[in-house]
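Both complexes shown next keep subunit A, but they swap its partner, so subunit B is in the first and subunit C is in the second.
Right, the complex of A and B next:
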């Protein structure tokens, strides 16, 4: 899976968790850009992404991403 | 089971038509997601849970501060969620040598919390017990070591049960059982805990929420009362009509062990008051043969309240069973091995609970265990007699058909009623009737054992319980009236309810004679009744008008001085 494919899947997770069809993510999107993306929803997103890709993030990784691109790279590193 | 994200979406639905229950959720860890899961689950179960959530780790302050938001909110139900992780933290901070005092100290805290709540509120308390954390410091030797954490945690769970036994309004939600069922790796996700202080994983929230809402539903009268089940390949292996008595699989034959254990489970449910009914496509005599003659049958005909075996369709037969027992479809569970029959029944009677039994009968029980179908909020000795009473009712129905004249039939029953006030012997049964009775119930006020005890000690209430026997046997305590003194002239009928087993027996006339006479002799000129409609109590819509009350300002009034006692065919036992 390449970066755009993963971004697309992550975007779908965001739409499902936030229940908002209008969310469009790119690599530089941050929590400030998405209204509902608070610390609680962040955990729900993380768990949903873990489940979808069948991976587990470490506690530190969960807090480390500056933007969606970093999150996507983190996923890629676990898939390969 | 739904996912957490689906429950969360429920929150956008319209809750306005649902019964509201005010709940306070007090936790010592982050409970926001649990709160969402509870409210979302409540929607699916038909309850509008209005949840007050204490701020993070404010449990003790909210309870011990008499002016807290908790007491201002006045919840009907309080959920106490103290986590095993916080318990472990307390344990870690104890001095060496004090480790073995943990359970005792925590129990003391819980007792103090409950005392503080009970002095300020009339609320039911649901307390989560503690899911196990085995920290491995002693290995299995921890079981021989009172100062080990696991020893203290298990002791605490046991002490909690003892505490619940003697505290009528204190209930335990068995979180530990959930963890035993699904495993700790599913219940607890360390990275989530470290990042959010939430001790429940997102995946387990729906199950914990459902288990909690099950208790709340049961408190408010929603629980299962009856199992209707199929016979062939459901309670024994094989087809009795084809295979014959010797070849059906039970006991040691084939996979008979699975069915024998399944029957023991049904028998235990019957013994605790669940009504068993058979619904089978079979010739009746053949279907009954195993019950009468098979040495490995656990269930016997005496365990079955209604036995339906014929070649009509199952939907009609289940309707007939429901009609005979006079309970709601939503209080019934239907067990059948055939997906085809399950689907037809589900399509026609959607209110029925119909578990998707696994294909392999060996899996039946393990699957059914996970559903927690039989939550209750009270239990009395009378429950164990229920099957007999329903069998008596069925016999009486048959006799009734032989009488053309209704009065002659009623007179032939030799009915004797015992009238008693509330006392400590009948309190559990009375509380239970207030929770169970949905149809013949004028105001549907639900009482717990503790509420009833409070009423009895207040002095402005007068209570009447009615225990019926007739020539077929004992019917038990079947009706309750609670009168409340409104002023020197007027008694208000706070509660008038009756078990539907004894409908159409002239019981209403007898009850009214009793309370009207009491009111008159005690100097109350007026009895004042009220009908509060619910989706289920339509049968008593015209109750007061047909008994001669007149309507005034949405209440029903009876003048006790001019009241003429009504005819009835019941003798009062003195």
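Right, the complex of A and C next:
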């Protein structure tokens, strides 16, 4: 899977967790850009992404994400 | 970003702005709580922070220390929530484990209790439960000659009980953590209270208590039914027990998982009690469907008495 494909899947997870069809992510999107992206949703995003890609993040990785691109890169590094 | 400064009192404003800078994602939760708070909140929170900041200063600490404590507690809660959503279980299952990890660790206990006391005025559902308690307790002024609080923690509930109940009433506290006992002692600063550093299961008293408070302790024991039965034996015939406990609330010292409110009510009945009044508050601003799907914590609070036989 390449970066755009993963971004698309991550976008779907955001839509599902936040229950908002209008969310359009790009690599530089941060929590400041998405109203519903609070700490609770953040944890649920992590768990949903883990399930979808069958991967497991460390807490260090989770804390290091400052935007969606970093999240996507983390996923790529786990898949390869 | 501005937080409704026209309705927010100064310490709360300061706390929110600092948290916004240090943990912007978390500050979104606080912003939602702030929308709910009203004049009555401002009055209560104002009085609280005046007292609390004095206590901090007496220990050469500042509000920034308390905010750091709060954020450490939030980091713990986030890590535990992640694990809980992955496994469906709380990370600890025995009392010995959490005793060593939390109650007997002064450092952990200190940030936890300072964090928790701030949460009483930062989280809508914590404030709602506190508000329910102080609005209802006056009904028990005439019948309460002896008051027991188990798991006093920071001492906020105890301090309100002292204010509300009769000047002649006796006050007894049991807590297993030295840090909690010391903090509650400082916070209440009242020589009428008898403090017992003890596991509640090892506590006995000749006289029965007319009113018992048990705030967020039931989920900390391996067998909550045994704890309620124990408190039933410590309660006078017409006495009242006020307790709070959450469902689906992972934390570093939670052992017993209540999956829903009905499970709590069930052990209340099994322990020989009947419910006089109850409330259940969702810990996040989400729809009931989402709360169920994502196992969002509900904080349950009830006034109960011995069941009629």
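Going forward, the second predicted complex is superposed on the first by the 80 of 80 C-alpha atoms of A that agree within 3 Å, B and C clash if a C-alpha of one lies under 4 Å from a C-alpha of the other, contacts with A are read in each partner's own complex, and residues count from 1 in each chain.
Following the convention adopted for this analysis, a contact is a pair of C-beta atoms (placed from the backbone, for glycine too) under 8 Å apart; a residue touches a chain by one contact, two chains touch by 3 or more.
Predicted model only: the values in this text are computed from it and were never measured.
Touch criterion not met for A:1: it reaches neither subunit B nor subunit C. Of the two partner chains placed by superposition, A:79 touches none, neither subunit B nor subunit C. Contacts of A:37 after superposition on the shared chain: subunit C is touched, whereas subunit B is not.
In the superposition on chain A, contact of A:16 is made with subunit B only, not with subunit C. By the touch criterion defined above, A:55 lies against neither subunit B nor subunit C after alignment on the C-alpha atoms of chain A. Once the two complexes are laid over each other on the shared chain, residue contacts for A:28 go to neither subunit B nor subunit C.
In the superposition on chain A, A:47 makes contact with both subunit B and subunit C.
Once both structures are placed on chain A, subunit A residues 19, 39-40, 43-44, 46-47, 59, 62 are touched by subunit B and, in the other complex, by subunit C.
Residues of subunit A that touch subunit C in their complex: 19, 31-32, 35, 37-40, 42-44, 46-47, 50, 59, 62. Interface residues of subunit C, counted against subunit A in their complex, comprise 23-26, 28-29, 74, 78-79, 81-82, 85-86, 284, 290, 294, 296. If you check the complex, the residues on subunit A that touch subunit B are 16-17, 19, 39-40, 43-44, 46-48, 56-59, 62-63. Contacts from subunit B toward subunit A in the complex involve residues 4-5, 8-9, 12, 32-33, 189-192, 194-196, 198, 201-203.
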